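Both complexes shown next keep chain A, but they swap its partner, so chain B is in the first and chain C is in the second.
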Partner chain A sequence: MRDGLQATALSVASMFADGVGRLNRIHRLVPWMVVFVLLLPVPQLVTIGLSDYYVYLINKICIFILLTVGLNIVKGFCGQVTVGHVGLYAIGAVSSALLSIHLGLSFWVSFPLGVLLAGLAGIVVGLPSVRLEGAYLALATLGLGESVRIMIAVTPFLGSSTGLMLIPPPEIMGFVFDSFQSYYYLVMTAALVGLYLSFSLLRSATGRAFMAIREDVIAAGVHGINVPRHKLLAFVISALYAGAAGALFAHMPPGYIHHNNFTIIEMVTLLLMVVLGGIGHIWGGVIGAIVVTVIYDQTLEYYFYQPLMFGLSMVLLVMFMPQGIGGVIDRSISTRRFIALRQRREAAEGQDHGAA
Partner chain B sequence: MALLETRQLSKNFGGLRAIADLDISVEAGSIHGLIGPNGSGKSTFFNLVTGIYRAERGSTVIFDGRDITSLPSHRIGAMGIARTFQLLRLFQEMTVLQNVMVGHHMHVPYGLFTTILNSGHVERRDAMIREEMMDLLAFIGLADYADMPASELSGGQRRLLSLGRAMAMKPRLLMLDEPAAGLSPVNVDRLLDIIMRLKDRYGLTILIVEHILKVVMETCSTVTVLDYGRKIGEGPPATVKDDPAVIEAYLGQEMNDDEVRAMLHEGVSPGH
Partner chain C sequence: MDFDFSSLLAFIMFGLTIGVVYGIVALGISLIYSGLDIVHFAHGEVYMFGAFFGLVFSSQMGLPYPLALLAAMISIGLLGIVIERVFYRRLTRSGGGYTVAGMGMIICGFGMSVVLQNIAFLIWGADAEPFPVDLGPALEVGDITLPRSYGLTAIIAVVLMAALHLFLKKTRTGLAVRAVAANKDIAFLMGINVPLMISVIFGLACALAAAAGTLIGPMQSVQVEMGYLMLMKAFAAAVVGGFGSLPGAIIGGLLVGIFENLGAAYISPNHKDIYAFLLLILVLMIRPSGLFGVEVRVKA
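Coming up: the complex of A and B.
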């Protein structure tokens, strides 16, 4: 029974991989366009059976995907522990919101500026990584992230206790993204573009350099990789992702942000997504964002116990499934490949003997 | 002509002088051996030359006529010095192919933005690099394992991979830190064969630290003997192995002279 299920799942997966491979040969953007088209009718389909609220939830998932994908680059691929990511998210959100509220800038200007500011802040968060490692680095980034939130909480101009309200929604040629449904197209596109860029980054020489730093800093340096530069680069790239996620979050209807959106609890949720999905697996971040957001939403009535629950599941995950969902899938694929290779060798050797 | 030269090279750890005023000169095109008992400073010497440790003031390391004493590791690597590690330090969770591709990193001719924007060109270049790296893997006999994580290789294969990764840097000087440690005699011979073929194919200069004396005696043209961070002997292997100072320092006094001679000449490694 279990074998049958596994075989079915595997053949479906291989059919899927085959299809993607075939599309990829036409042009490497083609599979992404197909996915984009398939995702277009999602809000309509969701609202047939469920309320508009679920579209809002999907939008949040898309924003979380941007965050986890960015966090995965610095933590999963470059191996640098950071707990300051949510601070960068806040910087992207607050700066884009303020620019459009006070200067009347359009979203299409305030968004890239917010992303850029978050990227610059990423250099500051990344600088300790040049000298610190592991828990010390975590502490340094935690301090930076929290200080951003506290700054927001105590400065009236940045929102303080009331938060920032009436952040104008994006608008393009008279079309206003002011509903959950219309905003979906924005965040879904952003999430897909983010995923695509992260794939091409991590398949590049730069991506390999990140992984080499994670695996062995000394060996990476000896093999010609400028370690401090690449660490900073990873921080900046992930900060750009966080900034984009923040700016998108700020302008999402109802156009309201509060410093409570950027607490350490949010950071733990984000880490849980990455760990559950599998550290170092891009798709893992997607899986984690979906699973955790849905669970979070379904347990909202037990609001009080949620931090406890999430903390506990993090401990259990690290103890029993440290490689996450993505890691488990990867491992089974690589084991299968290994077995196939051995069988091929044995077959080849058998033939040699037969010939002799 | 000397490809690598150290003058007055020193390194202190606290009060301990790990390397003291060491002058070593590695001739271009030679295979230079570095031997000495445990803790004599061989690995420290490697770490100093490759920029992992910073040498004391007054030390000079010259590679190909240029002062590399205070350069960071990656710049030294880019100048043409590759090394392997005693404990290998492979990129365990990366595939075999990715491991050698990291070695090739500095030869990738484009930056991050080109990678993301100009996909067609980069894809073709990547395919070429991949092919070149597969050739290298075939040369060291690991082509079949290209897509496997390095952690799943056997001990001998890991040693080969660390050699392949270093060779992907296209170095002029290859520094091998106990390349044959833990290998069976048959595999030691295979490894030596591969190293010699690599040397001829790429015109390498090799600096080798090895405990298995047979390796040193058979391959090296010059051997330097270290003890407590100082040079106590140097010359062709045949001369060095009969030097009484070397015999005493290298093997201690626990054995009598006959045993020592037998060991050196038969190529048995001490302590194994």
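Coming up: the complex of A and C.
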């Protein structure tokens, strides 16, 4: 029974993979467009059965997907431990919000500027990574991330205790993204583009250089990879992702951000998403973002126990399932493939014997 | 601002006393690092638990302050050993430091700090609790008035450091601890009970953090969120002094304390908590090995 179920799951998965492969052969972007079209009616479908609140939840998931994908680039591909990612997220959010509130810039100008500023901050966060490794780096990034939050919390211009209010929603040719439903199209597109870009990065020479650095810094250097440059590049790319997520978060309909949005608890949630999904698995990060956000929302009434449970599950995950959901799925697929291959070969050998 | 020499001196004095406490926590972090090759991210929370245990022992159970300090140190030391045995042993067995397991250890410590902080939150709540200890009238040093707890803190801190130094340099167990810190495999071949020594290291480090928590209690109030900032400052102290170097940790702590107090006095008191990180980043960028540390070694 269990075997049959697994075989069915495997055949479905392989059919799916075949389909994606066929679409891929037409053009690399085709599967992404199919997914995009499939995701378009989601807010309408959700509002039929459930309330508008769930669209907001989906928007949040999309923003978290951007964050986990960015974090995975520096952590999963390049093997650099950073725990200050929330600081970059905050920089993106606050700078984009301030630019559009005080200078009256439209979202389409303030968004790239916010992303750019986060990228610049990424250089600052990444600079220690050129010389530091492991724990030192974690400390430096933790310090920087928390410094950003404290700066926001004590500086009135950055919206200390009141937060920043009335951040204008994005607008394009008269169409205003001022409801959860319309904003969904923006964040969903951003999340898909972010995912696509991270996959193409993984395929490129730069992505392979990142992975070489993760596996062995010295060997990578010997093979002619400019290690400091690539480490810094990984930080900057992931900072760009975080900045984009932050700016998108700031302009989301309530148009309100507060420094409590960027605390260590957010960092724990983010880390849990990446760890649960599996460090270095892009799809794992997506699964982690969905699972953790949904669980977080469903257990809101046990508010006091939430961080405790999140921390504990992180500890237990690292102890007992360090490869995460993504790793487990990967392994089960490859095991099933291997078993199927061996059965086929044994069957073929049996026939040979029969013929002889 | 007109310059006033005696107030500068007062700021330096405050910086020194608070710096001694940073130094004690940094000492624990350095000890764990040199012994196990890992950085313990939950150490700030251990310190916070120490402060609360000290408060419970001295206010609720009515023990005299020195006894409360000792009781907090012993109980937190045992707690540290339990945490290490149950949670960290699995990860450190497969190697610490810069390996993939090292990354797991960082995440695990991070999660553990969240767990400990929220357990404390559930027990004691989020409010800052006063830690009343009557130590007698304030001290007069020249024109400066120092609360007596500051002087006591400095004395106890020096005693603790001296005791640790004597333990490490003069006893057989201390020698074994140093051997484990130098090389675990060879220490094992020499017949040293390495797992036991690792527990000893962890217990000592946690006891030191508890001492720091109980010492800082009378100066400031005790609250759940205090551990996190202390972790960062103690890290800054450990890095400034050179990770793994025990005298360096103390001097780093003093430097961080003075730097922070002078920054708060002459630049802006609102940003007080950022100065330690600034110093940390500065030292990491210019001289990552710290003032007294050895160069970071990279193993092929």
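The rule is simple: the second predicted complex is superposed on the first by the 333 of 356 C-alpha atoms of A that agree within 3 Å, B and C clash if a C-alpha of one lies under 4 Å from a C-alpha of the other, contacts with A are read in each partner's own complex, and residues count from 1 in each chain.
Quick note on the criterion: a residue touches a chain if its C-beta (ideal position, glycine included) is under 8 Å from a C-beta of that chain, and two chains touch if they have at least 3 such contacts.
Source: prediction; values computed, not measured.
Visitor: Fit or clash for chain B plus chain C once both are placed on chain A?
Guide: fit
Visitor: In the superposed arrangement, which partner chain does A:S334 touch: chain B (first), chain C (second), both, or neither?
Guide: The first partner, chain B, only.
Visitor: If we overlay the two complexes on their shared chain A, which of chain B and chain C does A:I218 touch? Say first, second, both or neither.
Guide: both
Visitor: Would you please give the vertex angle at the Cα centre of chain A, with arms pointing to the Cα centres of chain B and chain C, as a multiple of 10°?
Guide: So the angle at the centre of chain A is 80 degrees.
Visitor: In the overlaid three-chain picture, which partner chain does A:L192 touch, first (chain B) or second (chain C), both, or neither?
Guide: neither
Visitor: In the overlay, answer first, second, both or neither for which of chain B and chain C A:L116 touches.
Guide: In the superposition, A:L116 contacts neither chain B nor chain C.
Visitor: Looking at chain A, does chain B or chain C touch a larger number of its residues?
Guide: So, of the two partners, C touches more residues of chain A.
Visitor: Does chain B (first) or chain C (second) touch A:P322, or do both, or does neither?
Guide: It touches chain C, and chain B stays clear.
Visitor: Taking the superposition as given, does A:T206 touch the first partner, chain B, the second, chain C, both, or neither?
Guide: first
Visitor: Where does A:I290 make contact in the superposed view: on chain B (first), on chain C (second), on both, or on neither?
Guide: Neither chain B nor chain C is touched by A:I290.
Visitor: Of the two partner chains, chain B (first) and chain C (second), which one does A:L57 touch, if any: first, second, both, or neither?
Guide: Once the two structures are laid over each other on A, A:L57 reaches no partner at all.
Visitor: In the overlaid three-chain picture, find the nearest pair of C-alpha atoms across chain B and chain C and give that distance in Å.
Guide: Result, nearest C-alpha distance in the overlay: 7 Å.
Visitor: If I apply the document's touch criterion, which positions on chain A are contacted by chain B in one structure and by chain C in the other?
Guide: The answer is residues 218 of chain A.
Visitor: If we count contacts the way the header does, which residues on chain B are in touch with chain A in the complex?
Guide: 50-52, 72-74, 76-78, 82-83, 85, 89-94, 98, 101-103, 105-106, 108, 111-112, 115-116, 119, 122-123, 144-145, 147-149, 152, 165-166, 169
Visitor: Going by the contact rule at the top, pick out the chain A residues touching chain C in the complex.
Guide: Checking each residue of chain A against chain C gives 75, 79, 81, 83, 127-128, 131-136, 138-140, 142-144, 146-147, 150-151, 154, 217-218, 264-265, 268, 271-272, 275, 279, 304-305, 307-308, 310-315, 318-319, 322.
Visitor: Tell me, which parts of chain C touch chain A in their complex?
Guide: It is residues 33, 38-39, 41, 87, 90-91, 97-98, 100, 102-104, 106-108, 110-115, 117-119, 121-122, 228, 232, 235-236, 239, 243, 270-271, 273-274, 276-278, 280-281, 284-285, 288, 296, 298, 300 of chain C that touch chain A.
Visitor: Using the touch definition up top, name the residues of chain A that touch chain B in the complex.
Guide: Going through chain A, the ones touching chain B are 28, 197, 200-201, 204-206, 208-209, 211-212, 214-216, 218-227, 233, 280, 334, 337-338, 341, 345.
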